[in-house]
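Taking it in order: structure first as structure tokens, then the write-up.
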Amino acid sequence: MKKYVVELIGTFFLVLTVGCAVIGGAGNLAPVAIGSALMVMIFAGGHISGAHYNPAVTLGACLRGACSWADAPGYVIAQLVGGAAAAGIVGGVFGLSNADAATLSVGPTIIAEILGTFALVYVILNVATAKSNDGNSFYGLAIGFTVTAMAYALGGISGGAFNPAVALGAGMMNLVSMGDIWMHIVGNLVGGAIAAFVFLFVNGSE
Amino acid sequence: MKKYVVELIGTFFLVLTVGCAVIGGAGNLAPVAIGSALMVMIFAGGHISGAHYNPAVTLGACLRGACSWADAPGYVIAQLVGGAAAAGIVGGVFGLSNADAATLSVGPTIIAEILGTFALVYVILNVATAKSNDGNSFYGLAIGFTVTAMAYALGGISGGAFNPAVALGAGMMNLVSMGDIWMHIVGNLVGGAIAAFVFLFVNGSE
Amino acid sequence: MKKYVVELIGTFFLVLTVGCAVIGGAGNLAPVAIGSALMVMIFAGGHISGAHYNPAVTLGACLRGACSWADAPGYVIAQLVGGAAAAGIVGGVFGLSNADAATLSVGPTIIAEILGTFALVYVILNVATAKSNDGNSFYGLAIGFTVTAMAYALGGISGGAFNPAVALGAGMMNLVSMGDIWMHIVGNLVGGAIAAFVFLFVNGSE
Amino acid sequence: MKKYVVELIGTFFLVLTVGCAVIGGAGNLAPVAIGSALMVMIFAGGHISGAHYNPAVTLGACLRGACSWADAPGYVIAQLVGGAAAAGIVGGVFGLSNADAATLSVGPTIIAEILGTFALVYVILNVATAKSNDGNSFYGLAIGFTVTAMAYALGGISGGAFNPAVALGAGMMNLVSMGDIWMHIVGNLVGGAIAAFVFLFVNGSE
């Protein structure tokens, strides 16, 4: 239960920052704000839940053996609830809504989401679960700023979710069209799964 | 006494940066400047006073058992004096004053301040007082960039104080109206207290 | 083989970020995006390949004795393939192309590339291979943000490659003219070699 | 001799970044570039020379007992030579010159330089020389981003040198008038000395 609360809180603040920063005027600093929000929630919650805040990360962590499959449904539900709650507050309490959802092309969007999520899960598994990196103090910085870098690179192509819970919230806030978020979800899960297999290959049997 | 000097210095430079960066032209980089100022003062002073620089943090730390209640009045006085001194220098020495105070709505302002302060105190208690995170090198980065992320997200709603000493300084510099800072103070103390209780729940008895 | 895969992945995401961020609208935040991409790939891959992602770094590491000369050809091939693949995706999949290549002057370009690559390899050898710095958690941050700092300083002079694999990708994406990248490659290899010798001098026999 | 080479290299790249980023178009990201350049050179050179790169830091370190007075002249000469060499390359090789030097007021400039240098030396002595912080991985980040924060806050008042070697270079590049840099030098030495005494007070006898 404690793990799920931590997952809900972390995903809530991640999606809150996505919505408020993008709609509310952080301008071209929004990826710094979003990556920072993820970074700080990872440093805060990593010791309790592993700090996934992302169903694609939970998938990758399970495939790599760093999270039990039995925990996965609770994690994913907490993430989606946290993301949806944040989107509700952005619109319902702060009154921020996005005029026009981004227009996305299917092929480039799915490829961009696969690439960005691959980078994210590849970095996470290496910095947070590889034995050689035990006890480091950089894992949150590395993971948060993967999202910053990928949002600058790929945000203009796909919106830059790299996370189905973010995609859900982005749909609710009309940053992307609700009818388009299947592209993100497909790309996120594919990218996360590939990252887990590449991690296992390049790290060997440890 | 040494602790109070450190609290005064840290809060002084935090509020100095808030005033000079916002009024003086850091533009949309102001949250990076402010979060960096907090980060560096935490890394500098954490080993002496715990580096609160914020009455809401002192409240949360006392509720969590990481600070004695007997120290609290001295901490808060030092923080308020440091913040007020900085505001005085911004206006009196550098001649910077803000033309129009932000117009704030009561409900969204209080909710934004509760959320931002909750995030701040939740991150602080986890990265700086949880046993599993002993000896880490990331605590200042995590705490400082929580303010950066929350200022980008919520600054447009409430002004983004997350700290009664900052609210006092912001009132003195006319960033917000002096008549409005009760909203920040209420939100900050409520958010800090909730964070302490959530911390105790998710970290269990350790 | 695992090392080469890691080198290819890291260089791929570095050049992908260079292309998408510069052409696609990260504006004056592009150096933050690029430095962050390098940082996160170094934190992710350092424990496997040493995380060079740059033929000039491989040269410097070999001269310093931190990489075997036998590994060098495989590293460089993987880096060039990763960089070229990224450039291909930026243009072929995302349809981003740069209208006009930067106009470069030979002398200042070569000097800027020598200086920037010297800084990069000097930082890398000190933070990642000096015995006194064993086990630190800052190596990726230091290396990535060397590129950020040097790109802000020198990007307007030479384009700011500091890396032959980036120069190749930049040429393919028309950020610089293909006919000009010999200047970068010469500057990068000279800067990297000088850095190795200076490192050996200032660190002594350890 | 090795220490002096490291001091020269670090100060060279710091002043190179100041000049190229401010004159060459980093815009309001210049403080991030400059703080990053200082950060990376501190992480690279700290284990050899202590990474002062600043006569005011050398003064503060000597007063605190972290540097021998016999080393001070060599350190300061290396810093000034490094800063002047960088300024020469910015103008002579890259052809960058600043049209109009900033117009400064004596009182606010000296106070701003005292405050900024105090913050810098106070952070340095605490993160890099206090026993409780031995072996941390954050010292370069804390020090570099003190300059970032103070440059955003105080750059518009004094130009934001916080370092006599930077002031010399800034004078040579016409960022400030050569006739004005005595204000910076006075403020820097006063601020650095005060920081050393405050450090000794708040850290006690250790």
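By letter and in written order, the chains are A, B, C and D; residue numbering begins at 1 in each of them.
FYI, a residue touches a chain if its C-beta (ideal position, glycine included) is under 8 Å from a C-beta of that chain, and two chains touch if they have at least 3 such contacts.
Values in this document were obtained by computation on a predicted structure and should not be read as measured data.
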Under the touch definition above, the chains in contact with both subunit A and subunit D are B, C
Comparing which residue numbers subunit A and subunit C contribute to their contact, where sharing over half means same and under half means different, the two sides are different
Greatest Cα-centre separation from subunit B belongs to chain C
Between subunit B and subunit C the C-alpha superposition rotation, given in steps of 5 degrees, amounts to 180
Chain centres from averaged Cα atoms put subunit B and subunit C apart, in whole Å, by 38
Taking each chain's centre as the mean of its CA atoms, subunit C sits from subunit D at a distance in Å of 27
Multi-partner residues in subunit D (2 or more other chains touched) are 28-29, 32, 137-138, 141
In their shared complex, subunit B is touched by residues of subunit A numbered 2, 5-6, 9, 13, 16-17, 19-21, 24-30, 32-34, 36-37, 39-41, 43-45, 47-48, 89, 93-95, 137-138, 140-141
Residue set of subunit D touching subunit B in the complex reads 28-29, 31-32, 35, 107-108, 111-112, 115, 119, 122-123, 126-127, 130, 132-133, 136-139, 141-143, 145-146, 148-150, 152-154, 156-157, 198, 201-204
